[in-house]
Amino acid sequence: MPTLDAILPRLTDEMRADPDWGAVATYIPELAGVDPEQFGISVVLADGTCHSAGDCDTQFSVQSITKVFTLAIALGRSGDQLWERVGREPSGRAFNSIVQLEQEQGRPRNPFINAGAIVTTDEVLGTRAPRDALAEIVQFVRHAAGTDDIHINETVAASENAYGHRNYALAHFLASFGNLLNAPELTLGTYFHHCAIEMTTKQLAMAGRFLVDAPALPRMISPQRIRRLNALMMTCGHYDGSGDFAYRVGLPGKSGVGGGILAIVPNVASIAVWSPGLNRYGNSLKGTKALAILAREMSWSVF
Amino acid sequence: MPTLDAILPRLTDEMRADPDWGAVATYIPELAGVDPEQFGISVVLADGTCHSAGDCDTQFSVQSITKVFTLAIALGRSGDQLWERVGREPSGRAFNSIVQLEQEQGRPRNPFINAGAIVTTDEVLGTRAPRDALAEIVQFVRHAAGTDDIHINETVAASENAYGHRNYALAHFLASFGNLLNAPELTLGTYFHHCAIEMTTKQLAMAGRFLVDAPALPRMISPQRIRRLNALMMTCGHYDGSGDFAYRVGLPGKSGVGGGILAIVPNVASIAVWSPGLNRYGNSLKGTKALAILAREMSWSVF
Amino acid sequence: MPTLDAILPRLTDEMRADPDWGAVATYIPELAGVDPEQFGISVVLADGTCHSAGDCDTQFSVQSITKVFTLAIALGRSGDQLWERVGREPSGRAFNSIVQLEQEQGRPRNPFINAGAIVTTDEVLGTRAPRDALAEIVQFVRHAAGTDDIHINETVAASENAYGHRNYALAHFLASFGNLLNAPELTLGTYFHHCAIEMTTKQLAMAGRFLVDAPALPRMISPQRIRRLNALMMTCGHYDGSGDFAYRVGLPGKSGVGGGILAIVPNVASIAVWSPGLNRYGNSLKGTKALAILAREMSWSVF
Amino acid sequence: MPTLDAILPRLTDEMRADPDWGAVATYIPELAGVDPEQFGISVVLADGTCHSAGDCDTQFSVQSITKVFTLAIALGRSGDQLWERVGREPSGRAFNSIVQLEQEQGRPRNPFINAGAIVTTDEVLGTRAPRDALAEIVQFVRHAAGTDDIHINETVAASENAYGHRNYALAHFLASFGNLLNAPELTLGTYFHHCAIEMTTKQLAMAGRFLVDAPALPRMISPQRIRRLNALMMTCGHYDGSGDFAYRVGLPGKSGVGGGILAIVPNVASIAVWSPGLNRYGNSLKGTKALAILAREMSWSVF
């Protein structure tokens, strides 16, 4: 088998040579202004070594990828009670659809679509002030990544809020069904801020170590919970492109609209890839391609 | 780790002691009349040995489980062209929903919901007579299982046809969008017949060997296709309970309304479980429970 | 006020001068082959006089307009029991949508969308042979129109059947919910045949007299039922363009995909207009325009 | 024909004798606390005379009935441009459904469902301060009713805002599609306030005179616009019970969740009825019954 250190630079070259970079998200200026022609990838193996190539030191907005971390925190705080407020099924809909929320009486289908992540954030927030909840989230991510150099981009958070009518609609809709503990603006404030965390692929791959379940990597949650988070990432991690991702890549993963994807090879590796251009599902175009190739070359499919 | 031969009888006893057997399917008399208080399980390991307990020699109607076999055949005949006619995404709907089919202009979400399996069957049928297509399907299953003692129950097939208005609606709907090569009654005749195949859990576990990808087991399709079939089983194999099954069991699987489930531990084992009573998603109640316990005790989650 | 005999020829000239004829229905060859550049109009006043202009002696396929006649017959046979099988609300959907039928558990929203008209036809059919039901329907229409020169076009009926997958889907779907008394092919055979009745605008305007409620016109149903049929035509008579028709024309009416529209001015007149080209709702483009002008010039809005 | 002064007291007695009063709206305390056992009715004829019976001097919250007045104002301000922002079709959905809004890309189906009325209010608001828009609305209503004794109940408006998550969801959803000129809280503040206008049936029947189109009654809008408003009330005025209302009553009308209904007999009369208990569509139970009886006895159906 070829080594990672041989594969990653070659994969990066291949990705950079491909002229189709996809289209960056445009709903906020901070994302719309990102240069699409960037690609970075980092892999942390079970032995703790980190292997990278490309733009692996550039921080990007991780966006929805934080939903994995807040879900882990929410489950740590509330356990299986969380599932009374949110389901565990793929949605068969766009990430910001409100249709299903009406059909299912205010209980989001899963914690990775926006409505579900708002509920999860609300559970993490509890009765605290948003800054206290955000401090816990950032601390969790920093601890997972093993570095304090991870921050919230306040400008991005402010833009999310300014252009966040769809999320406000979801939050008020949840509230109308009694599925929000806090005022929409408080929960959304927390939500917009944790989505505005920035990381490099190196940092994100490191932060994903707690989902690998390997003796040499940090343990932050139980093995059973690790398996379950990975199961959710597999079935729901890429919105309405989850089936396609499972089919092509075969790994649990979670994408963000900033172009990042965190993918896990259980017991083996944590992978972070980033390229800002998106495919039609809203997932990184080249990130998905690169993961498909890497998984095939390394025989890393879980299947 | 305890051995399978110790676990399976204990698991069977535990399942039989549980008073909640679920409810058998009632839409055709042949299924409605099955005694719900039955439970059987069989596991074929990578070394080819078969381990069973409970009602493992009773034949039952495998129903939708044959969708895995017909999908394998269809991909063998048509390759990726099949995906022009059917998608690969979880549906977020009941197995027989027609709503999504209208929204998506006659292209079913995946090959395991009824509409998608009708398209797959239509692809397998091609321009042949139904009996020729059925002969290939039965032969494929027998070859996979290593036995000729596997048959179609003609009474079940006739009942499916007699009570099959919903499937006729789906087939005509597909035809109205030009997504059916054959007349609805021909494709449905083929579909109803292959769903009426009967097997024991021993036979079904044996038939599932081709999805395990192990040197000592029969190879009928390429390793890449094995992985992809398993990916589809993981994200779509249990209808609108697929996310829950992935969360609780962590294995790719395919259920049938007759109460059977085929689950795969990649590279390790093929598992068939059967108990006729269903849960609210239409999947075997005790089959799902047993698989969750077995996967946990054997550490067989793919995650 | 100008007289009808002055208005109708002028209106016809105006319609013929308008270059946008809309697009004829294309789902069966018999409709697809109709010359779109035709326009005819006929008005029967409360005194029984008939006034016409344009292509008023050309027979066309009345299609869904027969739904008004079959509904009148069904109510005559079954009274308000019919409403247990079909609703009275606008659908907010296309005429052949199956989505709402799933949401409402097999009870069509109203008798003028296809699913509802299939149920109505099924009620008219009852336990009779289709030819007996069809004889009653044709007899009813002939009696209403005061002529025996009204026939079913068998070629159109055969084409409807050959291209009728969507309606077969609806019928089987209804059957799957137990809302069909007869086999789908029997009810649909009856349905396709009565939709294939052909009339001229003169005949259709005459046939509409029984909905006017005027002493000098034939009485076939009670005044209360007349009002109720008109109410249904107002709220549901033009599929998802019913609100627009009410807004622009202000009269109860029923359109057919052959380009005909029957409109009623309660106590005053029966109007039939025909032009084969359709608007985006599937209603006659020029027929709707002409009715809007006529209603305004004659002050014939019910509002 | 019996006279109104004979019919109205008898009708009131009949309504009061009926033990089924329906259920009052409970989503805000001010409506939940209303005594359901009240019934009042007022009719203003074309000659300007007002005839009443029952609780015709009790002010109640007119709620959605104000949507007719704000629509008249919006059309006066913007003309047909309004229809670029909102449709004219019955919705086939509950008054507060958000599903259709997603399907139709943020353009509400009609101005009488909540989403549509929010858009209409936004159009009336324009670039003004809410208090200026409200002053115009209240002035319009007072002028129509011929009295200054009509006010906004500030407590009701405050409650609507406090319990208004569903409407906030709709407003933010509209904003996310760019179909809101003002900040959601400004438009909703205006909306909640005009819905909190209180009137007696006498005042409401008087206020409805401008929709009758009779020489002796005040003219505030053109005859054509009167007809069109009445058409909209007919097809969309009672949410998903509009077809049923047209079928049973046969008059254009607009209901409010406070239990009031305004119905118009074109050229003949303006009718206001009030009874706080609602039917399953959210329309006054006894108000609808009373209107059906009155329309039949007076032969007031438009059909």
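Per-chain residue numbering starts at 1, and chain names A, B, C and D are given in the order in which the chains are listed.
Keep in mind that, in the parts below, a residue touches a chain if its C-beta (ideal position, glycine included) is under 8 Å from a C-beta of that chain, and two chains touch if they have at least 3 such contacts.
All of these numbers come straight from a predicted model, not from anything done at the bench.
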Required minimum of steps from chain A to chain D, each step between chains that touch: 1
Any chain in contact with chain C as well as chain D: none
Relative to chain C, chain with the most remote C-alpha centre: A
Interface residue identity across copies chain A, chain B - same or different by half: same
Chain A and chain C, separation of their C-alpha mean positions in angstrom: 55
Geometric centre distance via CA averages, chain B-chain A, whole Å: 32
Centre-of-Cα separation between chain C and chain B, whole angstrom: 47
Shared-contact residues (touching 2 or more other chains) in chain B: none
Touching pairs among all chains present in the structure: A-B, A-D, B-C, C-D
Contacting residues of chain A [partner chain B, same complex]: 87-93, 100, 109-110, 224, 226-228, 230-232, 234-236, 240-244, 246-247, 250, 252, 266, 296, 301-303
Of chain A, residues touching chain D in the complex: 97-99, 101-103, 165-166, 168-173, 175-176, 184
